[in-house]
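Just below sit the structures, each encoded as structure tokens.
What follows is a pair of complexes built around subunit A, which joins subunit B in one and subunit C in the other.
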Partner chain A sequence: MLGFGILKGMSVTLRRFVDTYVGDLGKFPWRYRSRPVYKRMGITERGAFTIQYPEERVAMFPRYRGPLMLLTDPEKGITRCIGCGLCERTCPTESIKVTRAEEKVDDQRVPETYEYDMNTCMFCGFCVQICPQDALGHSPELEMGTYSKGDALILNLDQMLELGRKHAPGGVWPLEKEAEPS
Partner chain B sequence: MTELKTETITINMGPQHPSTHGVFRLILTLDGETVVDVEPVVGYLHRNHEKIGEKNNWIQNTPFTDRLDYISPMSNEFAYVLAVEKLAEIEPPERAKYIRIIMVELNRIVNHMIAVGFLLNELGCFFTPMFYCLRWRELVVDLYEMTAGSRMMPNYFWIGGVSADLPEKFLPECKEFVDAVPGFIDELERLLTDNEILQMRCRNVGVLPPDVAVEYGCTGPLLRASGVPYDIRKAEPYSIYDRFDFDIAAGTVGDVLDRYLVRIAEMRQSAKIVEQALRDLPEGETATPKKRKFRPPEGDVYHRIEAPKGELGFYLVSDGSENPYRYKIRAPSFVNLQSLPYMCRGHKIADVVIIIGSIDITMGEVDR
Partner chain C sequence: MEAIQGILEFIDQIFVKLSFWFSAQLANFLPDWGVTFIMMFATVLVLIVFGLASIIWINVFERKIIGRIQDRYGPNRFGPWGLLQCVADMIKLLTKEDVTPTKADRLIFNLAAVAPVIPTFMILAVLPFGRGMVAADLSIGYLYIVAVGCLGTIAIFMAGWSSRNKYALLGGMRTVAQMISYEIPMVLSVVGVLLLVGSLSMVSIVEAQGQWRLPFVVLQPLAFVLYFTAAVAEVNRSPFDLPEGESEIVAGYHTEYSGIKFAMFLLAEYINAFSICAIATTVFLGGWQGPILPSWAWFFIKTYFLYFVLIWMRGTLPRLRVDQLMNFSWKTLVPLALANLMLTALVAKLVPQYSHVGAIAFLVMNVVVIVCIALVKYPRWRRDRREVVLVPRTATPQVDSS
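Up next, the complex of A and B:
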């Protein structure tokens, strides 16, 4: 019968349509709330799959590759980075520039300057993988938008240490748990 | 009544056209609404990929291959990594091999879902099947993000293994996904396959006979839909594909409907392969120790895999240094696209759009 296939298809869309509203009823009285959601939707769950983004936020996986941060050794209180420059050499897009300080701090070499250019970074993660001191990590930052291009996205040593203290107080990457985006 | 004097008109379709899957221009010669000739113009997305590949060293090239066919990044990495491993004679650990198969086959499911979804978009069924499919793609990219750290550009495969072991939550979630996906494909078929409008629009449109498909060098679902059961996973098993039990889907006529049906059937087969790989997944190491400097011996190598879109091959020449001397890609979309003028001739202009959709091209791969 002509049109039977269309009707069969419409039964699927109708079911989805009903599912959406049934799913909403479970969230009564608010469709979404102004707080982060920590759970992604399961595979077998039905209903609306979308997230009301600025109000609802999904937690980032511990291995999520965001902008780089320099990790601080919680025992020594200084960065683990020894300024060897391997990250600079392994970077495919030449986004990292690092120089080593003359003097040692706490019997450890430290970087003098560290410049990380987020404009050209492609978040491949080679620098983190290659670092012999495990001093680099990916921060779970999600919103990297700025009002000006150029310098705003170039992070220096202090800014990267700040990111590290904020997101990885334990000084390890991958992070221990799923991180709530700031 | 005197004969009306008619002449053909030439119009541009694209480069900015929503149904050309990127920046792709077609010069159409039309006789009324019938297509007389089609001239594809490619190159709008050219970004010097192969030359950058010669500048990078062997290890640095992997994230760049993600950007070729951005719908199926894992397959691109797989082809490159296998080519380098063949050149340098590196054997990855068993667990890494199985993880790679899981990732690549999940990628095939995602790619075909996107292909089917966009085909329906182009048929005029705006976004309903597309979003049903995208929801399932989202679940797979979540699995990628959990494992590799990035949704679309995972950079997960290393030369000699994979970059990290699977996280704890991966195996149960992947199992749940693979168990649930055939149900979704059934639902998708219930929604679409018997639909009379889809059948009318797709049947006997863009027919590509098997001999012509072989002459043009088409591979992948496009070739199989024409009735040639050629799949590199079976014809020339690479990695560990000889250990899995799966069938090759093949069409009969070679029209748009057959390509749609072949993709649906391949999704089921891929789910079957992932299920077997999850069952057999061994314990152990996931990577050979990573070297900071990697210098393969002199020589050249060509390695090809069955990417979701067709035969993806990497031809690499090494002169014994840190960088490839030559880095050449045989991209399936580019080769499959050659058959477009043949398929479009004689059809209506509205059919051009669905024929492009049925080839399933990604411009990132065509232009490189």
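Up next, the complex of A and C:
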């Protein structure tokens, strides 16, 4: 009635406006880095909760389907992949090419080459599902931008193993959810 | 003390003195008419550059405040604190492809992109930015503002009509309906002030507030609220941004515009918003008058405070429906403005000018008007609407066979 509702609404927005500055003053010298992301997102929290992307990142959720990686068995120290080629055959977009090595390593078949083409991959995850050794996983890699199509987006065996060692040291996918520090 | 006053006086008059110095320099080698001619162009140039330059940071100001209201930081990447964001925006807009639809009315389509900017800059000519800082002190200042302000409607309707796009046309139609409806309360609410001043000149309006030793917002608070509401609708800003309501009609009248032409509409919108704040400052908040600080500083402080309120409203209020919009103008604002105008005329005759008795009488009058309207619009004695009981229809309706 008579615009009291408007005044009430405007007082709410003014409070939120002021609160962002109060929040900024609270973490004065390090505006973007002092308060962790998960703490800012609570509904009772006041102040801006923007994640300032290049400076701070959110961990990807465990089942995020990023580019493929080859997982390494931490006990044996070699990849779990036996180069059977099931992923190659199941891939709907034919983005994977595998060849199997002649010799066994550590009494296990290993792939000789592995070529994964991110240009055509649609991240459906069929290869990960079908892998009999659970040797494939999706890496939580987010920044895959390149300046050109083509070779830059084709990963070879070494690169995929490297991704696996980097993101899944335990050799398991889905990845463990990162424990939130209290 | 004398020295401090002298310095303050100098800072206050710095722009006026600069202009005198410039014309004196010109007079060395030019005849009188030449000096006048060049000074006219210089003034126009200063106003246009001021208008364009103020956009650069009004834009950032607005986006940052809206961001803060919504619990996020606004633009903060380009330049210190994101202050250069507008430069990036402008580069983007200027380098974009400039599309003219094949079926559009080419001449009007292109004219319409330029047309809204011209009246907005023309309004700046009569605004007193400080003591003695007015480009043209017209004796019909406010009438000029109303007349020139109306031209923006035509430009927007031209844009809507010539695009040959149904959303653009709908947006244009809405704009015409809205602007014409809200022009009336906007003008009527200021007429009360004009009655007190006895002149239409913007400078004399400011000087009259000096004589009352009160800004007119104290004498005419109702008129101020009415003016500000109607003016927000007049420049198509939220919550009255129906002409470009993106959830209903894609982008309204500028749906088909891109690149530099779209930038022109944006420019006109921002300068319009600035100038309604400036007019409200001049008419109701005492213009450039204020203690200690130089006069132009006071003018800009008041104007940007009102602009902040405008942004604040944009961040708070949802958009009105079309029928609510028309009802609000014709059933609430226009009757209130008329009542305010008539009572102001009456009180202005009864009480002495420039006196405390007069001020109190005007305040009482405003309270009376507001209370009366409240009683009429929300009567306690009005019965609640009767509950309508819906009788379920029977399968075979009972037909009276008599």
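Rule of thumb we're sticking to: the second predicted complex is superposed on the first by the 129 of 182 C-alpha atoms of A that agree within 3 Å, B and C clash if a C-alpha of one lies under 4 Å from a C-alpha of the other, contacts with A are read in each partner's own complex, and residues count from 1 in each chain.
Throughout what follows, contacts are C-beta pairs under 8 Å (C-beta built on N, C-alpha and C of every residue); 3 or more make two chains touch, one makes a residue touch a chain.
Worth saying up front: this structure is predicted, and the values here are computed from it rather than measured.
In the superposition on chain A, contact of A:His167 is made with neither subunit B nor subunit C. When both complexes are overlaid on chain A, the residue A:His138 reaches subunit B alone and has no touch with subunit C. Touch criterion met: A:Arg65 reaches subunit B, while subunit C stays clear of it. Once the two complexes are overlaid on the shared chain, A:Arg16 sits against subunit B and subunit C alike. By the touch criterion defined above, A:Arg57 lies against neither subunit B nor subunit C after alignment on the C-alpha atoms of chain A. In the superposed model, A:Thr90 lies in contact with subunit B only, and not with subunit C. Considering which of subunit B and subunit C touches more of subunit A, the answer is B. After overlaying the two complexes on the shared chain, residue contacts for A:Phe49 are found with subunit B and with subunit C alike. By the touch criterion defined above, A:Ile6 reaches both subunit B and subunit C.
In the superposition on chain A, A:Arg80 makes contact with neither subunit B nor subunit C.
Shared contact residues on subunit A (touching subunit B in one structure, subunit C in the other): 2, 6, 9, 12-13, 16, 49. The touching residues of subunit A, when paired with subunit B in their complex, are 2-6, 8-9, 11-13, 16, 40, 42-44, 49, 61-65, 86, 90, 92, 122-126, 129-130, 138. Put simply, subunit B touches subunit A in their complex at residues 56, 59-60, 62-64, 128, 132, 135, 138-139, 142, 145-150, 153, 155, 163-164, 167, 173, 176-177, 180, 187, 190-199, 290, 292. Contacts from subunit C toward subunit A in the complex involve residues 65, 67-73, 312-313, 315-317, 370, 374, 378.
Contacts from subunit A toward subunit C in the complex involve residues 1-2, 6, 9-10, 12-14, 16-17, 19-21, 47-50, 52.
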